[in-house]
Amino acid sequence: GCNNGGEKDGNTVIKIATNTPLSGNNAILGDSIKLGAQLALDDQKAAFKKLGFDLKLVPYDDQGDPKKGVANAEQLGADKSILGVVGHLNSGVAIPASVKYEKDHLVMVSPSNTANEVTDRGLSVVNRICARDDFQGPAGADFAVNTLKAKKIFIIQDKTAYGTGLANEFKAAAEQLGAEILGEEGISVGDKDFNGVLNNVKAKNPDLVFFGGLYAEGGILLKQARDKELNMPFMGGDGMDSSGLVDIAGDAVKNFYYTSVAGDTLKTDNGKKFAEDYKAKFKKNIESFSSYGYDSAGVLLEGLKDAIENSDGKTPSREDVAAAVRAIQDYKGVVTEVGFDDKGDNKFAKVFIYTFKEAKYPGTQVGEVTK
Amino acid sequence: MNNLFAQVKQSNKLQAIFLTSYIVVTVLGLFLLQESVTAFLLILFSLFLLYKTNFPVKLKWSLGILILTLVMPFAASQGSAFESYMGVATLVGIYVAMALGLNVVVGLAGLLDLGFVAFFAIGSYTYAIFSTNQVQNFLKLDFLPFSGSSFWAFIIIGGIIAAIAGVLLGIPVLRVKGDYLAIVTLGFGEIIRIVFNNLDKPVNITGGAQGISSIPSPTIFGYVISDSSQFYYVVLVVLAIVILGVTRLQDSKLGRSWQAVRENEIAAQASGIHLVRTKLIAFAIGASFSGMMGVVFAAKQMFIDPTNFTLLESITILVMVILGGMGSVPGVILGASLVTILNLQVLTEVTNYLNQLTLDGVLNIPSALSPSKMQRMIFGLILILVAIFRPQGLLPARNKVVPKEDVVDQTVVDENQRSVSV
Amino acid sequence: MNEIIHTLPQVLIDGLVLGAVYAIVALGYTMVYGILELINFAHGEIFMAGAFIGTAVLITFTGLGFLSSLPAILLLAIVLIIASVLTGFLGMGIERVAYRPLRKAPKLITLITAIGISFLLQDIVRFIAELKEGNYIITGPSLFAGQHQINTSSILSSFGNAQIKSASIIILVVAVVMMISLDYFINKTKWGTAMRAVAQDRETASLMSVNVNKVISLTFFLGSALGGATGVLFALQYNTIDPYIGFILGLKAFTAAVLGGIGNIRGAMVGGFLIGIIEMFAAANLSTITHGIFPSEYKDVFAFGILILVLIFKPEGLFGKPVAEKV
Amino acid sequence: MLKTNNLTKSFGGLTAVNNVNIEIQKGSITAVIGPNGAGKTTFFNMITGVYTPTSGEILLGEESLVGLKPHAVSKKGIARTFQNIRLFSSMTALENVMVGMHQHLKYGVFSTIFHLPSYKKAEKAAMKEAYKWLEYVGLSDVYNEESSSLSYGAQRRLEIARALASKPSILLLDEPAAGMNPKETKELTDLIYQMRDDLNLTIVLIEHDMKLVMEISEYLFVLDHGEKIAEGKPLEIRNNQKVIEAYLGKSAVTTA
Amino acid sequence: MTLLQLKEINSFYGGIQALKNINIDVNEGEIVTLIGSNGAGKSTTLKTISGQVKPKTGELIYKGENIVKLQSHEIALKGIAHVPEGRRIFSKLTVKENLEMGAFSVKDKKLIAARMEMAFDYFPRLKERINQKGGTMSGGEQQMLAIGRALMMGPSLLMLDEPSMGLAPIIVEQIFEIIEQLNKQGMTILLVEQNAYQALQIAHRGYVIQTGEIQMVGEGKTLMNNEEIKKAYLA
């Protein structure tokens, strides 16, 4: 393509894709990432126009399905004007899809994939701005055992790649800290009745129940637990960090703790402004990952800018973009600072611990853990 | 116009001219336009046109193979979308083979199976477990895990293990009939999925929900097969074997037994057909195709987890069979191709296009209605419309018409001799 | 072992409530299956639509302040009626548009339209919910949230006490009433007999001056209305619904229908209760019994396993009579 | 040749066949008659393995058939037609007959898939043979037609052709003349004779058309309420008071 | 008075023409029989009258009204009962329920009970088996049930498609007696039979149909003595 700055129509198009679930069970979170990314692109459009490029967002729907994610990844790889991907929501999709990105040298920045394996395979294009499960899980366990003084813990997980991974990390750490694991049970995504498992919990009477999974199941689980007068503290991970949890569980969220890889967007002025812009543009409140979607896209665009600079204002190659993104060391996003280590993990990633004092999202922060 | 159409219908020569020019135009289209999904699809469509010609069967086959192995890959190879097209084509091949397998079970033998994906899962996991470190969790032998060069053997092994699973499932459940069978097989499919999802405890065999990653790519003579464009040929070969198998079996006494069992079990038995054995063979053959492709799928994806093998997947394969035309090999091939391409390529493209329009402000759609979320719905609508307008399937099965000279025995001249001397 | 017995009353009660939901949804499958030999995959979505309609009505009522001014039972009755009438018509409409044109087509092709309708309904409901609420996971106002203690420990000393929500009691009562009425309707009334006749031989039924289309519409209306009403009860019990609840629940309910003997009304009920209880029992106790080797996530394996076992020994389901084909 | 000892079948409370003893001579044409619901079809069903007898013996020569599955009975050389026509309705007439030849087609899966000569030869011969059977029953014109589109009478004859294709030694016909007019019945009579003579068949038939029965059968068994109430030559049966009362009726005696 | 009149009826199955310009009159109080060989179109004629096959052209005048556009159940409501070929009883319904289905359009419970008694008078076997499922009855029993069921409608025109098929001679005899009896009590009957001899014996008039066309019309006795017919159908 040609590249003569001023002309409106002569601009080279650069596309940034999102590849997240837009339909199916997790669409709300997937959608929020997409919208966050969209906002980031809109904010940067003008800047890129000056450089002679038209930014375009192409949202793909991975449906939370690995096969679909991979097929999308192949299509993304094929469209040479796409220079970066924001996604995925689910580690289970990110893991196979990233193999394809690697092949096509297409850089991916994940706002939310916490599974260790995502970056542990040493792929050059894979980056994430959130914390890892082997950070989040132990952080939660530490809080549970040392702060909440839980000695006997029951673990429930949703039998997804994410839920299992997190629960395993939590369990290992909690055991190491001397807690006794009374039982570990699984539920199925999509189920609405968890009374069976809860009856088992009730019989075992633990000090704390840890849930590895997403808020849709978690919320109902909490509610049904409280109905059964299981009033001990419950705890969960980043999957529970959503306004949906409060909508579903209502008052039952009290005495619930969760670790999150996402900081509270509303804590800073920048974050508040982001939330307002988001609301104004999409008529929706932000979700925990909205700002992470925004920041992921932000990092990506930052890297892209660097790459453009490095190639003297010409369209950079994908390899260049990937390298430039990985090279980022101190990007300041609205919720998190970003600097990648050699695996693509964010050095500044933190784990936050929240609880609900009242039935209102987001919860109150009661801890913050830095590596 | 009509006249021309009729003429084309009649004449081989006209058909040949038409087909050739069609292929040339679409190939050029894909070759030059590089990224045209339309051109890619149109090339594939040439296979359908080829099928519709009056050319002799052998010629059709040779041309079809030529288009698939050379013309299409070559035309696509220039564009950047090459791997992506080949990826779609590879998955199409995988699904065609599975649909053909299910067609044996549902279309020919009349056994409604809603858990077919289980066999696919069994094939996939067989290769995945034994070719990765996963196997060392429960079996510590020097030669394990197998390397990528074992892939070829695993295609066969996967097929055999799936076939055995088919038989093991079949033995108890074949007493159950009709829609009862549907639900039993559905249950079996779910059981397999749940078990695979949970076999990370007490011994980690399947990796549970976290699946198995880093599945090795196949190697042949030291050459690694990892691109879709390479897998494409692997799939083509397996598919060729599958198609050869089903078409030939269909035209044999086994094929007739399947149909007879489907049409009327009691009469079939009275004609000397072993009911259980016939059904079991159908199960086994259908399952083995699925198992073979499972191995290929695992190697291609390099990562598998149980979400690949849900009930929805079984239903989708069934949709392919019914939509194409039960019992009809060309129909099922068409059905599987269409559904796969629709799901992976066309719907994505259409929604992307609509999306672009929305983002550019041409359309104004509230985000709840965002086209990027409409894939399933459009798919649903297409299903309904096709079913209503083509209730027999896209290419319904036709009865073989046997020419007179094949049945009349020239050697018997005596008109009066009515007795049969056999 | 003590644990198991201790929690047994609670497990049974929870199982019964879940089973009641399965049972009524199973009825819808069984009725449609009985008459058209069609696995109406869209029935789960009708149930889902009922849950959404009910919740929408409740939310509207809350907005209007009815929730505090009207007695809860009356409110429930109104919601049930609205939801079941609307879903009843929805079911009739689906039959009219997607199944009737295919009456003469091969049996399995209707499966395709059923799946298509399922996808369509899921997304339409999602659109509407997202448009109205900004989210498609909807949590409605809770009615009948009160808890009652049942003194089961007085029956047997090793039993623990059990609890039951008011909403659960309502589910059980409504379910039983609906089932008994339906059973009576199908087996004892003229239109019920006509439904069974149409189920077997439409042409001949029409020779008996039965308007076949009307009977089929009626069947869909009834089955769907029951499904819709169950959706409301479900929303009442679990409060949180999403457009995808129909698929999984529908599957279980269908399994229940088959377990009982598909086409058989009583079978569907028993099957539903059985699956509910089995599932609940397995979820609560499987890991205790197997010392953690088979944790509760095997509950569906257990349920399907029992289904398969039953069908192997009684291929026509628990209540299905082997109508041996006359040879 | 075929013999039953105290053959009994009950359905719940109803004893459809009760202690029936019958012996069928090789090469004979034997009829089983009796009122509706007497248990005739049930009797056939037991012989062919569709139902398992509640008690009693079925002997083919020295061999017991009790407990054999229908396909195994078919292998022993017993073929049948059905009272309610049971064709493979979406298959052509020719294919229907070829299914009947199932157990005589000997080629393996391997030769099927690679179209080895053994397959080709066998299939070619099978087609020709099937066609001959169709010719034999007079259906050669419609060999390529789907069997469901054939008229009732043609379907009945197709069932016979299919049964013959399995090269049986005993052929059981369940009401072969039902739905045929007298002229067609006459043709059927000729066909039955011919089959017996050409193919060395033993034929057992159930039939309500007394004209056909009395003309064609050499020996008769009469069932009523599951019990054998009479047996004998046509003339004896026609004048048997019990049979007249239970089955034939008065006018039948005069008109037949 | 003509009860039913078929005028220039042409019926098709897909592309195959099964009836060609059929004209048939059935007068009130008559027994009319339709004979012809296999596949001649007898059943199709009855199906056309009862609305199961819609003719491409032609009229069906019943009691002065053209009913060709009506649906099967509406035609049944007008009082035309059709006992289909092959009995077609509801196999999973009991004998009693089968009979009740026959009286679907009858509102009066007493009338239903009375008619059921009448059916039991004609066919005592049905009474013995009142709670047996239709599907497990023997062929003959099913035929009785099918006729009984049709009688439950209290039809003014009773159409029977091969009622003697598969029945014991003694039952056939009874059935023909019953047909005559019904007729004597004022019921008009259209009878399709292979058993041409017996049919023509009780029929007032008969039609001979061949490959979808009416070949001959005449009084029962006349037809019976017609040489051609004797040769073709009576053997």
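Lettered A, B, C, D and E in written order, each chain numbered from 1.
Just so it is clear, a residue touches a chain if its C-beta (ideal position, glycine included) is under 8 Å from a C-beta of that chain, and two chains touch if they have at least 3 such contacts.
Owing to the predicted nature of the structure, the values given are computational and were not obtained by experimental measurement.
Asker: Give me the fewest steps it takes to get from chain A to chain C if each step has to go to a chain it touches.
Answerer: 1
Asker: Computing the C-alpha centre of each chain, which chain sits at the greatest distance from chain E?
Answerer: Between chain E and the rest, the longest centre separation is with A.
Asker: Please name the chain that ends up farthest from chain C once chain centres are defined by their CA atoms averaged.
Answerer: D
Asker: Distance between chain A and chain B based on Cα centroids, please, to the nearest Å.
Answerer: It comes to 36 Å between the two C-alpha centres.
Asker: How big is the gap, in whole Å, between where the Cα atoms of chain C centre and where those of chain E centre?
Answerer: 44
Asker: Taking each chain's centre as the mean position of its Cα atoms, how many Å separate chain D from chain E?
Answerer: 30
Asker: Can you list the residues of chain E that touch 2 or more other chains?
Answerer: Answer for chain E, listing residues that touch two or more other chains: 136.
Asker: Note the residues in chain C that touch 2 or more other chains, in rising order.
Answerer: 123, 126, 134, 292, 295, 297, 300, 326-327
Asker: For chain D, which residues are shared contacts with two or more other chains?
Answerer: Within chain D, residues 41, 50, 82-84 contact more than one other chain.
Asker: So in the complex, the part of chain D that touches chain E is made up of which residues?
Answerer: Interface residues on the chain D side: 11, 33-38, 41, 83-84, 151-154, 175, 178-186, 208, 210, 246-252, 256.
Asker: Please output the residues of chain B touching chain A within their complex, sorted ascending.
Answerer: Contacts found on chain B: 35, 79-85, 87-88, 91, 197-198, 200, 208-211, 213-214, 226-228, 301-305, 307-308, 343-345, 348, 351-352, 355-356, 359, 367, 370, 372-373, 375-376.
Asker: Where on chain A does chain B make contact in their complex?
Answerer: Residues in contact with chain B: 22-23, 27, 31, 34-35, 56-61, 63-68, 70-72, 74-75, 77-80, 92, 95-96, 99, 103-104, 115, 117, 121, 159-161, 163-165, 186, 282-284.
Asker: Enumerate the contact residues on chain B facing chain D in the complex.
Answerer: Residue positions touching the partner: 244-245, 248-249, 251-254, 256-257, 259-260, 263-264, 266-275, 399-402, 406-409, 418-420, 422.
Asker: Looking at the complex, which residues from chain C come into contact with chain A?
Answerer: 3, 6-7, 10-11, 14, 18, 123, 126, 134-137, 139, 142, 147, 163, 165, 234, 238-242, 244-245, 247-249, 279-285, 287-288, 292, 295-297, 299-300
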